[in-house]
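Next up: the structures, one after another.
Both complexes below contain chain A, partnered by chain B and then by chain C.
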Partner chain A sequence: MIAYTRMYAGWARVAILEQFQYRVANYFYMIGMVAEPVIYLVVWSTVAEQRGGAVGGFTAGDLAAYYIVWTLVRNMNIVLTPYAWEQRIKEGELVTDLLRPVHPVHRDLAYFGGWKLVVIVMWLPIAAVLTWIFRPSLDPSAAEIGLFAVALWGGFFVRFFALWALGLVTLWTTRVSALFELYFTAELLLSGRLVPLSLMPTWVQTLADFLPFQWAFQFPIETLIGRRSTAEIWLGIGMQALWTCVAIGVTAVLWRRGTRRFAAVGG
Partner chain B sequence: MPAIHVDGLTKLYRVPVRQAGLRASVRSLVKRRFRDVVAVDDISFDIEPGEVVGFLGPNGAGKTTTLKMLSGLLHPDAGVVEVLGHTPSHRRREFLSRITLVMGNRNQLSWDLPALDSFELNKSIYRLEPESFVEARDEYVELLGLETLVDKPVRNLSLGERMKVEIAGALLHRPDVLFLDEPTIGLDVTAQRKLREFVAEYSRRYGATVMLTSHYMADVVALAKRVIVIHHGRLLYDGGLGGLAARFASSKKITVTMAAPPADLSPYGPVIARETDKVTFEVSRAETSGLAARLLRDFEVSDLTIEDPPIEDVIERVFEEPGDDWA
Partner chain C sequence: MNELQYRVNLVVQVFQSALAVATGLVGLWLVFSQTDDLVGWGAPELLAVMGVHIAMGGVIQMVIEPNMAKLMDDVRRGTLDYVLTKPADSQALVSMREVRIWSFVDVVVGAIVLGVAVVNLERSVGWIDAAGFAAALLLGAIMIYCFWLILTTTAFRLVRVENILELFQGVYQAGRWPVAIYPFWLRTSLTFLVPLAFAITVPAESLTSRLTPGTFVLASSFTAALLIVTRIVWRVGLRYYSGASA
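Moving on to the complex of A and B:
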């Protein structure tokens, strides 16, 4: 356990050092990412105003809170994209990973986890500016903040393992972009990223209940903006744990089979 | 017990094939055709602990595929492989902690950070004790002359400098078996020599087993007493470097220094070089002793040497031999 802790700390340290090497580029990237929720926010705020101040139970202030917290959740659940696997294989990076006496998933988990510490620090000024502009209705209790922290990392784990498992398909064929696009489209619509799910048709909400996407996106957001009871939050954290376990199981099976097929191309 | 035991090792690659053209392209959407390519074909050898072995073969001979199977990257299709008593493809921590595979064209260190940061990371990955890590790191820094290199981002190092810090990073856990795949590729002569000396010193100090592929025969000659030659996936030769020439070189060179050599020496054999009183013949191995005796008998000889052709020539000749299973 101590050995793993040291190793995770080592990878996280490398991630933080590397991110600081490109701090300006990272900052511009984060600022660029703000454009997406701001567009959603402006559109839905306008709709809310035209409907007498609220849409689907969201006031303009609620929507501002939703999309400002969205920026943190989105940055937190950036994980290894499945597209990266193609490069990993072609450039021979996977060979390096396979030669280490530790499963490569630990490297990515620790690396992206370490990166998040930088993200949180860099997000704070962005959140301050957005709060000043959009005046969100946000007044979480200490308990909600604590549970939000758990849900935030829970969302990271759900998305991390789901996309890691998806990326492993590349071990069978390196041309899997279409599959990834399908996944990301479904995620955009069924996670609460594009719009809170309560604003979507009922059948979409029902469908979303059977999929992992909302647990990485909408659930952490709603934990902080006060739209879930404590019992619902604990249930949601349980769902995050369940989906994480499912994704880990799929990852384990795909990894075992995929590495047998792996042709170690690219060096 | 040998450090490396290989018996009947075989690896096939299944590659998709199709004819050129649109029709074949459309047809391949419905029915894909594959062809099995034999990359490694039933090879067997043992390498004892502490041995340094040159692993030779032309491009596509199966060298890298073999090294990848020995290091656990690839699963063999047939045969037995044991390295340090482990089956490499099981990729156990105990196994991976005792080997390293260095490939000359691949970076293991973080591109953006100084090598020292990557070394620290390797310390935690390989669970090294602080004392043994510092001892290994400082030893390699001194042996390879890395004092001014390890605190610069790796991206700012030249190819030769990068390779030196790469190999230092790959050996921090003091592996018992080193698989070196073209470690000196692209390096200048000085950097090649430095790396060779380092590998030789590492093997000597720690009794490490080394399996080395290189297109630079100087690497092999400097480091290995034994060579294994494969071609078209098959083992052609396994033995001493000297024996390689005896096995594959059909001719020898006789260089003789004599007083007033006649203009026409063709009755003695083909002359391949001549300068005033020094003449070089190339004759078949069977004729060597006979020609040497005739020259000594017929001329006033002040010096006579008999040599095998350069090892590079021997290797080149081996690789020019056509394979009978290549499709």
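Moving on to the complex of A and C:
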């Protein structure tokens, strides 16, 4: 256990030191990413205004709060892209990973977890500017902020393991991009990333309830902007834990079968 | 042409384009399930904007981005020397070395979306509108090219091309909607800083009979000015380029 803690701390430190060196690159990336929610925010604020102030229960101020918190949640749930596996296999990095005594998922988890600390620090000035421009109606209690911190990391875990499992499909076939694109489109529509799900038709919302996407996106956002009761928030954190466990289970199975297959091809 | 060997990539590209169109349509449909028009643009008109956005994106990915990526790569490796020693104009050479052929799918898909939009427009498109559209589209593509070349020539000291690509692709999404919906400061940036307004909204305005002669004159003169600035930036940039051996 102590050995693992030290390993995690080490990898996280490497990520922090490395990513702070690439400040400009990180900012370019973050600004490009902020464009997306700003566009949604402007479009839906315009719609709200034309409808006399609100759309689907969201005023312009509510929408601003939603999409500004969105920027933090989105940054937090950037994890190892499934496309990375193609390179790992092609360049032989996976072979090295297989020789190590520790499962590579630990290194990725620690690395991305450490990177998130950099992301949060760098996000603060962006949030300040967005708040100054778009005037969100945001007034969270101390308890909500605490729960939001939990839900934020919960979302990170859900998405981290879901995408790690998805990436493992690369061990079976190299034509994965269509599958990944399909996954990301479903996620865009069913997670609350494009619009809050309450603006979607009821059947879409029902469908979303059976899928993991919203727990990594809309749920953390809504804990902070005050659209969920404390009981609902605890339930949501439970759902995050559940989906994380499911994704870990799938990862474990795919990893065991996939690496056996991979070794067979290589040997 | 090398890419033509990999035909499966065409299927992948078609699939990705179809998915992007579907997502765009869902976005439009969601907006129009809540309202009848967006700052005076009806559903078929916004569909026209979307068509131009996709087609222009295809052109950018097909000819502009790959050349800029190669240019930046050459600067880093010092292999730009091979271009500079050729007798032809260096700016022209670096701008037309690469073509990513499959992105042409987006141009076709954009044209189809545009066709559907035009059929559904309430007002028919006259000859003057169509000519204005073609001209505005050409001017817009030139402006985006200038923007990219200026960025590539100046920014390679700070960041890698992937970073510029990500930034640009993020901002490019803003062009999916007419710039009139954006607040003043953003609209101004999207017009003169990243010329998406000229590249997408203005051609769509022409198609929907909104384009005023004033806007067209502004677009033409801005294009001319940008071409001159790009030329100067390229020249100055070359003076600072020291080659692989230095």
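Criterion: the second predicted complex is superposed on the first by the 262 of 267 C-alpha atoms of A that agree within 3 Å, B and C clash if a C-alpha of one lies under 4 Å from a C-alpha of the other, contacts with A are read in each partner's own complex, and residues count from 1 in each chain.
In this text, contacts are C-beta pairs under 8 Å (C-beta built on N, C-alpha and C of every residue); 3 or more make two chains touch, one makes a residue touch a chain.
If you're wondering where the values come from, they're calculated on a predicted model, not measured in any experiment.
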{"item": "Which superposed partner A:V34 touches (first chain B, second chain C, both, neither)", "value": "second"}
{"item": "Contacts of A:F262 with chain B and chain C, given as first, second, both or neither", "value": "first"}
{"item": "Residue contacts on chain A - larger count, chain B or chain C", "value": "C"}
{"item": "Partner chain in contact with A:Q21 - chain B first, chain C second, else both or neither", "value": "first"}
{"item": "Which of chain B and chain C A:L99 touches, first, second, both or neither", "value": "first"}
{"item": "Contact set on chain C toward chain A in their complex", "value": "8, 12, 15-16, 19, 22-23, 26-27, 30-31, 34-35, 37-39, 158-160, 163-164, 166-171, 173-174, 176-177, 181-183, 186"}
{"item": "Chain A residues touching chain C - in the complex, by the definition given at the top", "value": "24-25, 28-29, 31-36, 38-39, 42-43, 46-47, 50-51, 55-56, 133, 175, 177-178, 181-182, 185, 188-189, 194-195, 199-200"}
{"item": "Residues on chain B engaged by chain A in the complex (per definition of touch)", "value": "13, 68, 71-75, 91, 93-97, 99-101, 103, 105-108, 110, 112-113, 117-118, 120-121, 123-127, 153"}
{"item": "In the complex, chain A residues that touch chain B", "value": "3, 6-7, 9-11, 13-14, 17-18, 21-22, 92, 95-96, 98-102, 259-260, 262-264, 267"}
